[in-house]
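Dropping the structures in below, format is structure tokens.
The same chain A turns up in both complexes below, where it pairs with chain B and then with chain C.
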Partner chain A sequence: MTIRTLLAVSAFLAATPALAGSAQHAVLARYAAEAKTADPGFTGFSAERGKALFHAKFATGKPDTPSCTTCHTENPKQEGRTRAGKIVPPLALSVKADRYSDFAETEKWFGRNCDSVIGRTCTPVEKGDFISYMITQ
Partner chain B sequence: MRRISIAAAAAAVLLATGGLAWADRHHQRGAASSASVDPIYLKECGSCHMAFQPQFLPVRSWQAVMNDLADHFGENASLGETTRQAILTYLQANAGDAPGSNTRLLRGLASSKTPLRITETPYWVREHQKEVRPSAFLDPKVKSKANCIACHVNAQQGIYEGD
Partner chain C sequence: MSEVLTRADCSTILVWDRGVRIFHWGLVAGIVVCGWTGFIAPRNWLNLHLAAGAAVTALVCFRLIWGSTGSTYARFRSFSPSLAAVRAHLAAIAAGRPQHHIGHNPAGALMIYGLLGLLVLLILTGVIALGGALKQGPLAFAVPFAVGWPAREVHEWLAWGLLLLIAGHLCGVVLETLVTRENIVRAMLTGRKRASPAACGNPAKAHPVLAATAFVAGAAGIAAGTIWLSDRPAAGVPGEKLDAAYARECGACHFAFPPSLASAQTWAAVMASLDNHFGENANLDPTQMARMLAWLTANSAERFDTLPANLFRQADPAEPRRITATPAWQRIHRAIPDSVFGSKQVGARGACEACHRDAASGRFDPQSISLPKELR
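Right after this comes the complex of A and B.
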């Protein structure tokens, strides 16, 4: 990453709340760089859009998982349950401080869950929006 | 045969009573089923449900499961190829019909059958038919037959026995 993209990227992140540490910033910076590459007109992530994605109901994915909330519940601060009944710790950073701190792990789950729920991969903007929402929660 | 009526996870209490741990008894035989569980398997196959003991299914079943992770019981459970291979190797080496393993858990399973579910093997069906009412699996605390831990609190340690 060049200095210039790095600076450009940090401008998008300036508004991220104090809750998020350097690990979350690094993950967001990678998605911001990807978003910028895909669309030079990219102007930043939106927690509002992330919230909408989290609550949206889709008919394009696998039938048993129409929404992120199917497993994560409507409240990101609450623990969820998988279809097999296993507890999923909350997605809100305020409740689980190590969320979105390991790019490979976060990527793996976006890869699986976006496919199960929406029937496609999520874009870098959608991933950044989603994390931007969760780190305010 | 003792008849147990299960009020959801209350079954756990019944299962905690005495007896040699199932794992201890059955894992002793043969190096193949060593008691140490692969940490990669625990992490990658233990996030949506417990990491089931490989002994519950034959090699051919694990191969089938591991070859279709993108459509895994209605979900995408994909893994990177290196991780997938490592887990498959572990499962094959410790499957119920791996060399040196005790095939008790596969009793009654026709060699022409390749079940994808433990809960569809004749052994599992037999054990649960006797003592578990079908409605127990529908309890919201249980949700699924695959939620072994709801009833067998120490299932991840390989302990299933009641008495």
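Right after this comes the complex of A and C.
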């Protein structure tokens, strides 16, 4: 990590005091570091952008999954449902406390779901934005 | 048997002793329940079918014993089967000179042996089918599906045959009642029939204590043998629990299908296309995928002998990755409307566990079928 990355990460840390030291914070810090590496001008994640990503409809992914809300519903605090009928626990951290606490798990699902919905991998900024939104929910 | 026969009473005599009457009406009840649960009731009533089958078995055993320990007309000796006698009997009716028979008339006698024989075959094929096709009961450890499945077919044909014989029996009863003007249905309730002077002798006495002793000994032997054999592990049934990683990864979006539900070829096709998995990306990291494919292959349908393993290993060429597209799955579930699979409580055809309580075991016993309450 460069000094600037560390600074950006620390800035983020300061912005979300409730998370300091938590597993979610470590996951976010990794995405922040990746974002900084990809774009040295990176200044921080935005829950607003994350919210927009969550609700956006895409035409570039697989036809059955045009949006994150296809499975997760419009309300992150609500249970979702897969296309195969299984319940998906809510994404909002306030409802399910172990969300975004395991980097590999979170990465795996971003990898799958971004490809299904958008037709590409999500950028570190998109992932960080998304989590930033969900931890406020 | 306590009915007292006196010579003064000779206008009617006791023909059907209590043993025969209990057997007769017990059998009627048992066969009605077997027929209802076998042909009409939902599959998950199987236990009632098995209980009724066991009751019929007990009754048949009793009748075989009573055939040599009961009173005169209960004894097989009193109604030996004879085609010549049947021909003479029918000819007499056709000529308008029906003979009056105290016990079974010759056609009736043949019918009794036919019924008893058919019942014995039904019991045997039922136990073989139960063991081979469903991996339950005393023969679950021994009979392969390849034997149990056809036995189930034979069992069904025999049941149709039994219905046919019963129809013939009922016609015979009606005919006999019309021809002899004697209510023989009532005779089977009271036990008494009009007597001809010749029959007014001293009938052979029943030996109820001897019969009961033989019956209890036989029943205890059969029950003990059944329990002892049923205790043996069933052949070809998956025993191991699901691989933990498999249950977690492949159970994230849907029911984690036991590998015994599909062929190794199906699993290979599924695992080779995880990036476009039925319209979604379900990618795994390559080492985990290779390990899981090896586990699926080692536990695929070809390795087991359960009903689903045998039936669902035949994939649908157009959709080789789907268990629910296999011809057998489609046939078994054809009566279930799309609205049930699409309902909130089920969600999809692949949500086996919504309707099959034992889905995770891969057994899919009929007794474990239970649709969500709202959909019943």
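Simple rule for what comes next: the second predicted complex is superposed on the first by the 126 of 137 C-alpha atoms of A that agree within 3 Å, B and C clash if a C-alpha of one lies under 4 Å from a C-alpha of the other, contacts with A are read in each partner's own complex, and residues count from 1 in each chain.
Definition applied: a contact is a pair of C-beta atoms (placed from the backbone, for glycine too) under 8 Å apart; a residue touches a chain by one contact, two chains touch by 3 or more.
Every value quoted in this text rests on a predicted model; they were computed, and no experiment measured them.
Once both complexes are superposed on chain A, the partners chain B and chain C clash. In the superposed pair of complexes, A:Glu107 makes contact with neither chain B nor chain C. Overlap of the chain B and chain C interfaces on chain A comprises residues 62-65, 81-86, 108, 111-113, 115-116. Chain A makes touch with chain C in their complex at residues 62-65, 81-86, 108, 111-113, 115-116. The touching residues of chain A, counted against chain B in their complex, run 62-65, 81-86, 108, 111-113, 115-116. Chain B meets chain A in the complex at residues 47-50, 70, 73-79, 141-144, 146-147, 149-150.
Across the complex, chain C meets chain A through its residues 252-255, 275-276, 278-284, 346-348, 350-351, 354.
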